[in-house]
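Following this line, the structures themselves.
In what follows, chain A forms one complex with chain B and a second complex with chain C.
Presenting the complex of A and B:
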């Protein structure tokens, strides 16, 4: 186990190094001079030169890279051009909102996805199975930003059950109840695709386990069918489900970009889109770095969890 | 010495082509029996035909602004699917938009497929250092949630349809590279590869004549499963303003336009949305059907 952990940690560090180079390069590949954008069209050439030297943009690229990484490691990701505030605190507060949204979506996706998957597998090839399969296929084919808009039209505009956008009402004191009301629609929208993926995965895993001999043995011994399904089959499916965690995290973080834009949820995804349209590069760069780093860590955690739960992984 | 000098290579080749032909007929029959897949194929063919024929179809000018006929509901005379906020005919814009959406998806898929296959074949076939270097690069690409990577690349290249297409292509290289690599690995250990090598065939010859033909089935499945995603992704980038820029419009930018008027004219977002769902659903059904017919090993994995 220790060897496996060291190996995985090492490869995570290498990947993070690659990520940092890529994020750094993205800014330097950007057409247009960031200094000219910062100072605007009225800037004098002398000012541009002076600021460029001040910001260290005249140094060789490797020097700039090392300086940027060492600052980033100390939590200094620069200042936002638009907001004129340090990038990191802004990113972290927005990331918190994204996390709330993603966790809520994950809870919905896993509970419904597991349920639908098990129901499908138990009713293999019957009508229920086909309906669930069709629903899952439809769910992965619907763009989240469109589903979200329909949700707004139906539940916020016509039925007036739920608020249309934001995280809290613009006036009044924030409370858990208000947060929950604002959270329902974005979380349900974001949950749609991962739910379908989990349902399909659970179904195929369950079918595989259910066809194995120990299940037959259990049934032959007289263990009730419901118990075999829950204990024997579902228990074994759960271990395989761990591998889905990383994939799901990716789907959620990606989908969050669109869902946050549609519902004006103050998360990191909508912040990044705004920042790109306003050419606020420090925010984009910092945002990509923060999300990619957390994604690498989630995947690392997934692999370690999987190895802890399934000895076959760490031995080979 | 040619490979035909070895009697075993000859027999192998003969039996291979024979079994190959029989094996190729079966999946097509299996696919034809899959109603969902056939329905998907029909939708794809119809949408493609409409998109190709857009210039000759009797359609209103998709960009003709008519401020007296703004946001007309579906069923209005002269505008079956209604008009948008500038009085432009939605049906016409949908069909012209299909050209953009399909073209971007197909071109992006071709780029990702070629680069990904090249990497996958080289990594899988040569193994060792080549494999290690390529796969670590792919790991870095995979460290970004895919939409985020597309967004980061668009931010570097600047918003626009071509740049969005390039970004979507780059994001998907890893998907093809990894899957092609594992397909190559499973083919590489086959006896006919050893036979070809024993007969003196070079690397290039083995890759071109023995490896590639045998991984075409999984590649077809990958493409069909991937293209639907590319349609959604193009629409998504356009929706948030990073893809198609006016006056060009695709289904995603139509959704973005309609979004400001969802209170008064929900049809402006319904129509492009339904078009996206229909086309993506069609590609996914066909992809699923192809996978079941051609390569059951790929069942439920990937995205």
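Presenting the complex of A and C:
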């Protein structure tokens, strides 16, 4: 087990190293000179040269990379051109909002997806199974931004049950209740597709497990059918699904961009969309780094969870 | 006076729906099992022996369309599912072919053995684990007390099959159904597992229904044997009698095609042809197309299972005539 954990940690570090190189290259592969962009078209050539030297842009790339990484490791991701503030605190506060949204969506998608999948498998080929399959098909084929807009029209504009956008009302003190009201629609929208995907995979995986002999062994022991599903089949299904759940968790984090834009959720996705439009490269760079890092961490967590849940992995 | 059979199967028919039509996997089986005896069921793959086993426990995926399964005087086919669950693992237990797949890979073996004890004997978790260790000791698993905490993948195939047997006998059932319990194991391990089954029978007086395609296993272990072909029992009798003087041409062919029934130096003679395909309906005797002794009427009339004396039964028109002749 310890060797497995060390191995996984090591490979996570290697992936992060690759990510950092790619993120670093973003700046250098973008067309146009960032210094010229910073100083504008009226800048004198001498000023451009001076600022370039000041920013260390005349150094060889490896030197620049090492400097950038060592700063990044100390939490210094540079300053935002647009906001003229350090990038990291800005990113982190926005990332927190994204995390709240993604976790809420994950709770909905995982619990409902697994539940629907199990119900489907247990009622294989019966009406319930077909209804769930139809619902999943529908959910997968509807684009999230469209569902979000329909939700706003129905629940915010017509019924006035839920707020249409933002994380808190513009006035008044923030509270859990207000946050929750603002969270319901974006989280549900974000959860829709992953939930449907999880439901379908859970169904097929559960059917596969139910056809295995140990399920029959349990029945032959006199374990009631419902207990067989809970004690024997579900655990084996879940272990087989951990990888998928990890991937979906990553998708929830990355997919938040669309939903944040539709619902004006102050997350890292909407921040990056703004930054891209305004050529605020430090923000984009930092944002990619934060998202990529959280992706790698989710993957690491998935692998470790898998090892913890499946005794067959532990010994190797 | 002969004792009452613990299991009395009459006219049992189990069918599967398939693309090729209705498959009559079990097609009118009669079978008795008496307390404490080991009855072998032999036949080729697809002869319906496993379908028969699963039908007894009502765990078949097919449909039981006719017949009776009397267990201790009670027709199992009349019971409600909840009553059936009380019986499974308690009075009738089952061991499966492949110990690699018949254990839950995520559950410690002690807990898997303890499950039946907890459901049927209402033991506490702790008592069930303690009893599981005892059972593992009884099936000669070395270091049983520690092994209860192992996962299946930490055990070898033979050890897993011991676990499966411990699981089967945990509530000292009246009947243990073993579906090819040694087929997936190495030859040396096979003998150990067979010994274990025989030893268990002697200790607990549990009747065993042993399903196998291995005539050697039958010769070594079984008091009586039923030979199955195309979903039917074609011959039934004491093992020694059947081996010494097979009555049904299929049994003769089966014994001739394996080393166990032959003299040293005699060549093996495989049975020509193939058994009927699943779903195929053969007019007359299902074995007639492969039978070297078949006569014209064999292809027209399906024979019944006839008592031919000495507790022996055969399903063959040739024997039927002999029986009629000697009776008249």
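A few notes on this one:
Please note the rule applied: the second predicted complex is superposed on the first by the 312 of 316 C-alpha atoms of A that agree within 3 Å, B and C clash if a C-alpha of one lies under 4 Å from a C-alpha of the other, contacts with A are read in each partner's own complex, and residues count from 1 in each chain.
As a convention for this text, a contact is a pair of C-beta atoms (placed from the backbone, for glycine too) under 8 Å apart; a residue touches a chain by one contact, two chains touch by 3 or more.
Keep in mind it's a predicted model, so treat the numbers as computed, not measured.
Per the definitions stated earlier, placing chain B and chain C onto a shared chain A by superposition produces no clash, and the two fit side by side. Shared-chain residue A:213: touches chain C; no touch with chain B. In the superposed model, A:192 lies in contact with neither chain B nor chain C. Put chain B and chain C next to each other and count what each touches on chain A; the higher total goes to B.
After overlaying the two complexes on the shared chain, residue contacts for A:200 are found with chain B alone; chain C is out of touch. By the document's definition of touching, of the two partners only chain C reaches A:236; chain B does not.
Legend: residue contacts after superposition of the two complexes on their common chain; A:141 is shown touching chain B, with no touch to chain C. By the touch criterion defined above, A:223 lies against chain C but remains apart from chain B after alignment on the C-alpha atoms of chain A.
Applying the stated contact rule after C-alpha superposition, one finds that A:311 touches chain C and leaves chain B untouched.
This overlay, made by fitting chain A, leaves chain B and chain C with a least C-alpha separation of 14 Å. Taken together, the two structures place no residue of chain A in contact with chain B in one case and with chain C in the other. Listed in rising order, the residues of chain B touching chain A in the complex are 36, 136-137, 139-140, 143-148, 151-159, 228, 232, 235-236, 239-242, 255, 259, 262-263, 266, 269-270, 273, 276-277, 280-281, 284-285, 288, 299-300, 303. Those residues of chain C that touch chain A in the complex are listed here as 57, 59, 81-82, 85-90, 93-94, 96, 98, 101-107, 112, 115-116, 119-120, 151, 153-154, 164, 167.
Interface residues of chain A, counted against chain B in their complex, comprise 11, 14-16, 18-19, 22-23, 26-27, 29-32, 137-138, 140-143, 145-146, 149-150, 152-153, 157, 197, 200-201, 203-204, 247, 249-251, 253-255, 257-258, 261-262, 272-273, 275-277, 281, 284, 288, 291-292, 295-296, 299.
By the touch criterion given at the top, residues 212-214, 216-225, 231-232, 235-236, 239, 309-312, 315 of chain A touch chain C in their complex.
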